[in-house]
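Read through the structures below before going on.
After this come two complexes, each holding subunit A, first together with subunit B and then together with subunit C.
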Partner chain A sequence: MIDVKSVLEEIKAAPYEEIEIKAPHTGVVTFEVKETGVRAVAPSGAYLEKPGTLLASITRERNVKPLHAMVSGEVATIHLEHSGAFVEAGTPLLVLRHYLTKDEVVAAILRRVLHLFCAPERAKYYFIPSVDIKVKAGGCRAVTVKPGMELFIVSRMKREKPLAYDGPEGIIYAVYFQHDDNVEAGQALIGVCPENQTGLIQDVVNRVHSDWEERN
Partner chain B sequence: MDTEKRIAELSERLGYIRDIFGSRENANITLLTSKLHEFGEREPLASPQEAARLVQQLEDLFVFLEKKLDAELSAMDVVRIVRHPHRVSLKDILENVYDNYTEIGGQDEYSIDPGMLIARAYITRRRGDKVHHQPVMVIGQEKGHGQEFRNGGSVKPWGNAKALQYMKVAETEKIPIHTFVSTPGAFPVEDYPGAAQQIARNLYEMAGLKVPVVSVISEGGSGGAEAIGLSDARLMFSHGYYSVISPEGAAAIEAGTRQGQRVPPELITACAERLKMTARDNLSMGYVDRIIQEPHLGARPYHYDFFKTLRQEIIRATDQVFLSIAGMKFFRAMALGRHKDVSPADAENMYVRWTVDEAAAERLLWRRYRKYRCMAENAFVDSRSPTKRLYANVQGVVWSGYSFLRYDFLGKQEKRLSKALGEVEGELRVVVDKMSGSLRKMTRRSGPAVCDAEKSRMLTELSQPELGACLEDWGWSYISPRAREDRAVTCPNMKQSGCPDLWAPDLFGDFAGVCSHCGHHFPMEYQWYLHNVFDPDSLHEFNAEIEAGNPLDYPGFVDKLEEAKKKTGRKSSCLTYESRIDGKKIVVAVLIAPFRGGTVGAAEGEKFIRALARARKRHYPFLAYVHGTAGIRIQESLNGLIQMPRVTMAVRRYIEAGGLYLVLYDTNSYAGPVASFLGCSPYQFAIRSSNIGFAGPGVIKETTGIDIPPNYHNAYQALTRGHVQGIWDRREVRKNLKNALLTIGGRNLYYR
Partner chain C sequence: MISKKHKVLVANRGEIAMRIVQACRRLGLDFACVYTREDHASGHAALARELGGESRLFRVSSYHDANEILSVADHAKATAIHPGYGFFAEDFRFARRVTERAHPLVFIGPSWRIIRSLGDKINTKRLARSLSIPTVPGSDRPVYDELEAEEIAETLFAFQAEQGVENSVVLVKASAGGGGMGIEEIHDIDQFKTVYRRVRNYAKRQFHDEGVLIEQRIFDFNHLEVQIVADRTGSGIMHFGTRNCSVQSTGRQKRIEVAPGFRPEEIHYAFDAKKVMDDIVSFSLAMAREVGYDNVGTWEWIVSPMGQPFLMEVNTRIQVENGVSAAISRIKGAGGVDIIAEQIRLALGDSLGYDQNDITFAGVGIEYRIIAEDPANRFTPWVGRIDRFTAPGREWLKFHSHIPQDAAYLIPTEYDPNLALAIVWGRDLAEAKARGISFLDDMVLAGEDQTGASLKSNVAFLRDKTAALLHF
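For the complex of A and B:
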């Protein structure tokens, strides 16, 4: 049994993710950000049409290509020794410290403590009628799943087939797919946890929502 | 009680005055405020008679000072009057000007577009003892005194479509149309039928409406106003405005501000003056025929005398249009002459039948065309010498004469003869086929068909690279100067499509600016098309001397124009040519983006019209190649805006004469030109990766609050919405144009 509280403490000790930004291709590097601690913003706009903060540019064959921040955060390291130098593809240029948001913390905890049952192929997934009624009436946590239990209907190209659950026994804590939407192969369909841990997980999630301070 | 009511009315009038004058300090307003305040203090102590006397004094003071304030109104104050929720709206006009009406297709918010109001109404007139109900179709934007669902009179494309539908109904019923323009501009969404395309459709159809149209302008906001504004008589409220852009929009462009940034109010006020948008300005420029005088500080719903004046003016204008096309009109036309000061009662008592027969309809269309053709004639610079002008006029007459002889007179005989010959040939062919049938069968039986051995080998063997079969000759006559740069270029679709970098000499040379991986079309110079699409050495430019000017003396614009002329070596953004494609002669008008963003002003409109006239006279097909256009040139204000109906009418005249009008969009094409003379073509094509629309993303966000996706104006989206009829690869433009010339449009083309 995973200790949920220790997972949270672990995240609290390092409440960020460090993203190393590497040169996507060869070229001469010019850093647009000159010192550490500078805040960088992620792409924004309803369609993410506004690019993130310009961190550096790489010139290859007189073609200046910008390197924008893909996530928000703080510049933790700059390899200024590469400034004005020709670098190979994959050379580390900067490290961006991305502070986790509440949702990201919750997702990280759930990823660690839940058993994720993933889609075996790209298709539309539905709960079987008996489960669907329970989910609609009492929420997903009203459903207890057991290995081998027929749980889903897989619908693809107008053909439908049943899909049995495979994993530890427990209740469905989270549902990750939408009705009538295609789910890619390997994407999580449901997250399952032992029944006795539900309260604990919920408690931690609530604590994250109330106490976690977002720094981005 | 009466005193309280009168004081409340005065307070409301004072509030209205404050709204109109904004934050400006004014001694008269201060005086009115203090007097009203003073009365408030004295009233409890005064007797009722004394209070009534004081109120009367106060009312007189209001009337006196309102008159004084009216004389001080600036253009921006007029804009505030027009936008004020107390301003008269179309419903007030329907209630007070017409004798009866039925609203069509809408009841408050239950309408396809509550911003567009349509009604069948009638005006009752007496002729002796007889009473005549003269029906009209009333169409106009309704602001509804601030009702939110009316969207401030900003009409959506489907609202304009509804207006067009009922214009056609009026034409079927042969009744005149009265349009009331009261819009800040069209609602800039591309959803079908599309803001630009629907306005273009409206303009095209209105150019040919066979019933008189009288328009009254209160708030004439750019393209939205033009959607119902093309008319035979154009009246304007004295406190209205009519402009190509709002003062705020012009100021934002002037200041170069970005989305969300504020423009200084002084600049907005200055722009309102520069745009020459008031009724007086428009009358002096000839874009309206008559001003309807409003009460001081603008008409409000309780100004009943104003409605009486409006009724007389509308009747008079409608009468004048009908008389101008009537067979017998001598005395009545004299009585209603344009420059005569006719008393309102005289205008209403005189009876003019509001009917149109076929001959009158033809006269009406011709007069409408002439009316608009004569507008903005002094708003451009024609630097041709008098001899050249004379030569051009004589040439035009000769072409017209030749056209008549060749295509109308002899052409008809030729057609008749060739039809008869065709019939005879058809008959003979049947007889000959029957007789030779048996002979052919015998010939076939005599031996097997022999195939040429060399031909057979060529058709069946693989290509031989050593003979050059795989060496492609790109054959471009013009190579972009960017092809000389030794550098790599990144495709904008690199992230989605994984395109590799391209070497500029390859991309802008051999590949004609097309990404070899995803097919993205990089913008190319307009010269690329001129030299690679048309037959070599076939371009002959005409009317190059017509120059863009600064008709409104817009401050600083002369320098900008000079800069554009110097940069491009051209005198306007419209270039007109006679050329050939695969031997087929064609007239081409090109809107070039490097010259002030390809904006259209009076010079560009004039060149376009003259090119259309040339194509019509010579029976040539016409291609409008839009290298790029940002819209109407705002510094020319109405001189530019009027090109929308003006050129559209010329396009209609050309198409109706049997021509083929093709439009080809490249790079970015937006606003006025797309919403008029380009968007009205039945054959519009786009170069891949081009953008077509009414308003750019920034304007859409600003006016509607909607965040649009980045590919909103993309040519493929335009094709999906039905705004263009096809998308062409740049490298295949010549081939596709050749094909188009042979397969579509035009019964009166010289090569048909």
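For the complex of A and C:
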């Protein structure tokens, strides 16, 4: 059984995540943020229609791609040496220190509580159509999984094969993969909450909501 | 002579990128390469570093992002782009953009108008028919009318019977489908209505389009190709002979190519094989002249058991298997022909400098595509780590691979697990086959996957298929 209090103390010791922002593709970089310590805000609005703080832009073939902050935080590092220069895809541009929100802390603790069903191999993963419809309509927690149940389509090199769930019966509490993204072998795909764990999970949620102070 | 001031951006990966770099070097041209995160250990990146240093190598997010490729070309001060095969090779919009942008570059391939014209299969068939060139029978557009579809199916059964095909099969395909989805076979016209309606309804449910294609299932045919090479003067259109690409996977992907396409000197055919090869060459040249073809290209044919050829399509690009044609070709008696170098030279405006009488052929070439896959399991790709991969050094062998021979290599799951191309030459088919088997026996290929299971490859399949090469 996990000790929620001690895990929470552990997270409080380093209550942030450092997010490295890299050039998504080649091009010439212009920094909009010029110094460290600047506060960046995440997208906002009822539909997240207001973009986050403009951190930099990257131009290739006269197309300017703005790089907005996707999460709130403060700029910890800026690679100003690339300012006005042509950079390759993947070049580190900035580091954003993002202070964890209550929901993120809950998610981090739940990763230690839930049963994680991991990717057996590096590939793209999709829910089978019948599960996908349920997830889209009612969220992942609308799906109960059982051992041996066909749950995923594994796609690799244009070939597809089914993958059955293996683990305790329960509801899918969290989904850790993105549509069309490759998942490394061993990386968690879903977190499943067995029925006997629901009390513990509620305890995690309550404790975080009462003990965690958001800084963003 | 071409200007040595040209610099070629190689917009591709793996062995074709390596062969383009080597061709540039051969022509005395500068080059630049791109690679993705997944390809950091690929031989093409290592070769670019080795021959040109870090300044010749650019990491991109994708080989299929035109903006990115062009921005790298500008930054690298490239004057030309070689698309290789796949990716942008047959994208006429990309070719047009390359040549018509504010800072135009040379597109190493045919003009965009030719790519557009011959890239359209229906247009290609119409052009062929206008020149009385036979084409593969079947619907060349989606069919929505049941009676029309049945009529086409009847024609195809009749055609196969005429060609001596024992077990005639017609395919009914959802026109909007892909990847093998929505395809059924019929062996008898009596089955047609039921299958047609099932496929049509499936297509409507899955793709919201009930269009259906009726095609001939190609079983007992040989797949031949004609290699065309043309300059931009409009007068120099030559051929570099024929290839036979009939050894394929279950997914109809080529695994062994042999040049020339038939070998009547050593094998008895039920038809005049030399005439068939002559016919498809002259048909291909006629079409190339008609459209004013201006670079390398391949005319793909099927040949029936009765020796009747039918045009399938035209590939307006360099093909994987260009090297097997080069292996048997001689220009003014000299070997060492490099069709990729010819392609670059001609795209940069050089004239051919020889005519058809200067091109001769000697011996037989066999190209093996060595792939990490499981032929026993419908050629499923194998993914894992290659620990050892070495080919024996032989004067009759050309070996192209992007797999490092001095370090372990993890096959990226983003791309097909092609490991190498091996091109074997022999004075005749018997010698080429013996050398092919000797190469496959001496090659060392080992690795394992995440579970520790041994590498799976198609080497045994290639060995098995060698015995009957060019037999029909």
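Throughout what follows, the second predicted complex is superposed on the first by the 118 of 216 C-alpha atoms of A that agree within 3 Å, B and C clash if a C-alpha of one lies under 4 Å from a C-alpha of the other, contacts with A are read in each partner's own complex, and residues count from 1 in each chain.
Assume contacts are C-beta pairs under 8 Å (C-beta built on N, C-alpha and C of every residue); 3 or more make two chains touch, one makes a residue touch a chain.
Predicted, not measured: the structure shown is a model, and the values here were computed from it.
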Touched partner set for A:45, first subunit B, second subunit C, both or neither: first
Which of subunit B and subunit C A:88 touches, first, second, both or neither: second
Contacts of A:26 with subunit B and subunit C, given as first, second, both or neither: second
Which of subunit B and subunit C A:122 touches, first, second, both or neither: second
Dominant toucher of subunit A (residue count), subunit B or subunit C: C
First (subunit B), second (subunit C), both or neither touched by A:61: both
Intersection of the subunit A residues that touch subunit B with those that touch subunit C: 60-61, 63
Interfacial residue positions of subunit A with respect to subunit B in the complex: 45-47, 49, 60-63, 65
Contact footprint of subunit A on subunit B as seen in their complex: 485-490, 501, 503, 707, 709-710
Subunit C - residues contacting subunit A, complex: 36-37, 58-62, 65-68, 70-72, 75, 179, 380-381, 383, 413-417, 450
Residues on subunit A engaged by subunit C in the complex (per definition of touch): 24-27, 60-61, 63, 86, 88-90, 121-123, 156-159, 182, 185
